Structures are given as structure tokens and as C-alpha cells.
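Below is the structure I would like to discuss, written out as C-alpha cells.
Labels A, B, C and D are assigned to the chains in the order they are written; within every chain, residues are numbered from 1.
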Amino acid sequence: MATVHPFERPLRIRFAHCDPAGIVFFPQYLVMINNLVEDWVSDALGVPYADLLGRRRTGMPTVSLHCEFTAISRMGDDVMLGLTVERVGGKSITLQIGCRRGDEQRMVIRQVLVFTSLDTHRAIDIPTDLRSAIERFTSKAPT
Amino acid sequence: MATVHPFERPLRIRFAHCDPAGIVFFPQYLVMINNLVEDWVSDALGVPYADLLGRRRTGMPTVSLHCEFTAISRMGDDVMLGLTVERVGGKSITLQIGCRRGDEQRMVIRQVLVFTSLDTHRAIDIPTDLRSAIERFTSKAPT
Amino acid sequence: MATVHPFERPLRIRFAHCDPAGIVFFPQYLVMINNLVEDWVSDALGVPYADLLGRRRTGMPTVSLHCEFTAISRMGDDVMLGLTVERVGGKSITLQIGCRRGDEQRMVIRQVLVFTSLDTHRAIDIPTDLRSAIERFTSKAPT
Amino acid sequence: MATVHPFERPLRIRFAHCDPAGIVFFPQYLVMINNLVEDWVSDALGVPYADLLGRRRTGMPTVSLHCEFTAISRMGDDVMLGLTVERVGGKSITLQIGCRRGDEQRMVIRQVLVFTSLDTHRAIDIPTDLRSAIERFTSKAPT
């Protein structure tokens, strides 16, 4: 059974995602999930990602990534990408991200992103407005 | 101290690798290491990668990937990519891959690749000619 | 004034499209229009692109491309991509493709694609079912 | 006969460049030539590209691009990329870029790049130190 996440977005696997073996080239999966996180920040957390990086000079680089590719995806497959917040730290968040096609799990990722100043590239505290929005996506409701 | 690997290749971080934050876009790191593995197969294992995929219809998809990004890389940085074979299984291999700039470790990856038939996308035994060449790159010499 | 095309699709400019200068990295524009042509074939011409390449072994490589980048696009911009068929030949088609943000033209492309057999990579006649569907998107109705 | 250029760099076509049809995905050709221009600026013009963009805040976006893809390239092909300066304007340059494998021309590109301030994204005069270095690569010597 595949995991259903509180934030999900459909995606069609495209020619541009695929390699000479006819399946998704794995770095393209990471581009897809980067786009998913961007949509989540803009549409679900309510902070336009371009504004976060541009005007607010706040980045969200990835510091740790653990991926299991459990089944292949081919050009034309309609898949669902989704995310859950596993942990909210002081300066970082841990996301569980999945790709499924119906009930078949294609990929599972655990990704740690840290908030940084784009001027210094040093870690900063999670901005207050983002923190409360993020906590609504944790797998267990905050108490 | 950064890890020095038995197979290494220098690389300059380019404009095309970098994102609006001015640092390497992390999926581009995975393209770089895919190229590194390709060079290792062609140049160190002695089997042209294009021939492996083309004529021999043998693929090496990634099934598991664990990345730690320990320091940022910027456009223009001259880095060294390297790999060591951690484990040789029946149908798969586990690689330790690193990116360093001099003594500074930038990234550490553990990647599991499985050998497959490109006709069925099913796992196959590691081809005999590759197996013996691969074992020369294990961190401990096989006994 | 920007050109409005008979086939259009909205797109948000993303982090992954942009370069260290904070604007679209021009090769990413070509990935976007490749996706647009794929959507047009699948959704407007009624032939699933994955089926065309996979089961029917028919490719549509680009043989000629002329791009004018008339204004920059930044992360977060909501743009419209569109296409018109300029010419239908025996084995190739010429497309006019544009990217606009409202009334502002961002890019204009003329692209020639040829139909090929993926077994021989040689040009073939445009498949009959595609030809009639394509002609409905010419700027002037065929007489 | 293929064109030989005054600035040339060898390149091996890789898995990551190729599409499900097993040939170079055309946007990847544009990434390759962007890297070529970067190498030319850094190594032949003598201005580190990262320094031009970073410290000097000077960009070189593409405003016009005309590509003819004359023969396909496959994974494993060893090709030569090269460039000649066709025209040096006040704020822009026109390059002729080619990809050949031995005597076989694979691609011909005419690319116009404009010099810009990365703070305003407006065109600026070609920096004096770059101008004289660029003129040494014109197809006809300046009089």
C-alpha cells in the first residue's frame, strides 16, 4: 500500500524526465520533489516561494536526503507526489515525501531542509509565520 | 578531513549547476555523480557504458541513495569527485561517493545500484567481467 | 502586444528553471516548450505521446530552432506558453511557439520537427491520423 | 566537411544528455554550449566566469539563438564543440558554435549574447578588458 500524504500534487511523467532506458532519470525525481516543496510553501504555507527567496533573502537548502526507489516510473505514467512534515526543529524541518501511482509506491524520500540567510548561507531560526503553518502538516498534530 | 577515494575525477562547478541562491542545485549533484559512475565503468572497469546499455542491454538503475550535504559549493569551485566500492552483492553494488574541495568535504553519498536487463527492467546477476573489475575498488581487498 | 496561440498552457516559472542571475536559464525554456509540444500531441492531437514513442516507435526530433528572447522571466512569474502550426510538410512540421506574461512577449520560437522511425532514426511521412489533427492548428485553414 | 573553430573543447556524449530515443535531448545541447562559452570566457578570454558574474555583477544572457541539428549524436560519441566570434557589437556579441564528430557536422548554432548589469538586467557596453580578448576570436581579424 502506498502512503497518502496531507499535501499532494498530481504529475505526469514526461519525455524530459526519462533516460535512454525509458524510465525516470533519478536526478529528475529530485527536481520534481523540489518543485513539490516549492508548491507546498507557496500554496499551502501561504508564503510565495519567490518572495521568500527574493525579498526575504531566505533559502531552504537540502542538507540530508534519503531516497528509496521502489518501483520504476515510465513516460506517460500519471503519478501523485505528496509530503508530510515528520519533524520541526529550531532551524530545520524533516519531510517525508512520496511518489505513488494509485496504490503502488514508486519512491520514498526523507529530506532535511535548513532555513538559511541567502546573504551569509548560515542557518537561521524558522521564520515565525512559516513555523505555525508548517506545524499543521506534521504527521501528528502538535500538542 | 575529506575522504580520498581510489577513483577520482576533478570537476569545476559551473553556472549550469547553480541555482538562484548561487550554489549547486542539489539535483545537479546527482547528475554529476551519475557522470562519475559512468566514467568509472567506462574508464576504470573497462566496459564502455554506452556499450553496456546499448549492445548488452544492461542497466544500472539506482535503488537507494543517502546524501549528506556538508558544505555548500559555489560557481567556479574546483572540486574532486570520488568513489569507493563498499559492498558487492549478487545483483547490486553499494558505492561510497564523495565531493571534496581540497580537505573540505562537501558531500557524502551512499548509493546502491542494481544491475538490470533493459528488456525486462528486472535485476540480473552482476556480469562476470564487471564483477572482478568492481572488486578491485572495494575499500577492503576481497579475501 | 503578445501573440495569442490556438493551443496554450499556463506555467509558473520555478526555482529549478532559474540560474544564478535569478532569471530563466535559457535551456530550461527549451525543456518547457518540449513539454508544451508533448501536451499538444497528447491532449490536442489525441495521440498519447508515450504511446507514439513507445508502441508506435515514432519520434519527433527537432531539426531547426530559432529563438528570440525578448524579455526576461523571473522566478514566480505566471506565464502562458502557446503554439500555432505554421507549416505542415510531408515529413515535418514548423511550429510558432511563444511565451508571454499577459501582454508582454517573453520569447518567440520557430521550431521544425521531423517525424522519424525510432528504429532507424530516418524521416518518415507524418502519420495519417496525426496529419489531419495537426492541420486544425495551422494559422490559416488549409484550402 | 565540418567547421573547425579557433576555440574547441572535446566532450563525450553521456547518459545524462540522452532521451528515451537514445539520442541527445536538444535542450542538453544548449547546456553544453553554455558550458563551452563559460570555458571560453574563463580560459581563453582570461576572465574567470564566476568572477564576472559574482564580483563584477556582469551577465551574458542569450537574446537570440538559431540552431540547425544536422545529424544525431548518441551516448558514447566523442564530439568536438567549438566557437568563432562572428561579430562584436557595442553591447553584444554574435557567436558561431558548432558540434562535430571528426568531419561530420552534428549541429550549427548562431548565438547572440548581450552584456548586462545583474543589478538592473539592462544592457551595458562590453567591458574593455573583454572586448580586446574577444576580438582575437573573430573569423576575420579586425582592421
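Note that in this section a contact is a pair of C-beta atoms (placed from the backbone, for glycine too) under 8 Å apart; a residue touches a chain by one contact, two chains touch by 3 or more.
Keep in mind it's a predicted model, so treat the numbers as computed, not measured.
Please name the chain that ends up farthest from chain C once chain centres are defined by their CA atoms averaged.
B
Measure off the straight-line distance from the CA centroid of chain B to the CA centroid of chain D, and report it in whole Å.
That gives a centre separation of 28 Å.
Measuring centre to centre with CA averages, how many angstrom lie between chain A and chain D?
Roughly 34 Å, centre to centre.
Roughly how far is chain C from chain D, centre to centre by C-alpha average, rounded to an integer in Å?
Between these chains, centre-to-centre, one finds 24 Å.
Which residue numbers or ranges of chain D touch two or more of the other chains?
As it turns out, chain D has residues touching two or more other chains at 15-16, 20, 22, 25, 27, 31, 34, 53, 75.
Can you tell me, using the touch rule above, whether these chains form a line, ring, star, complete graph or other shape?
Drawn as a graph, the chains make a fully connected set, so complete.
Which residues of chain B touch chain C once you look at their complex with the stated criterion?
15-16, 18-20, 22, 25, 27, 75
Mind pulling up the chain B residues that touch chain D in the complex?
Of all residues in chain B, those touching chain D are 14-16, 22, 31, 34-35, 38, 48-51, 53-54, 74-76.
Can you check the complex and tell me which residues of chain A touch chain B?
Residues 20-23, 25-28, 30-31, 34, 53, 59, 61-69, 72, 118, 121 of chain A touch chain B in their complex.
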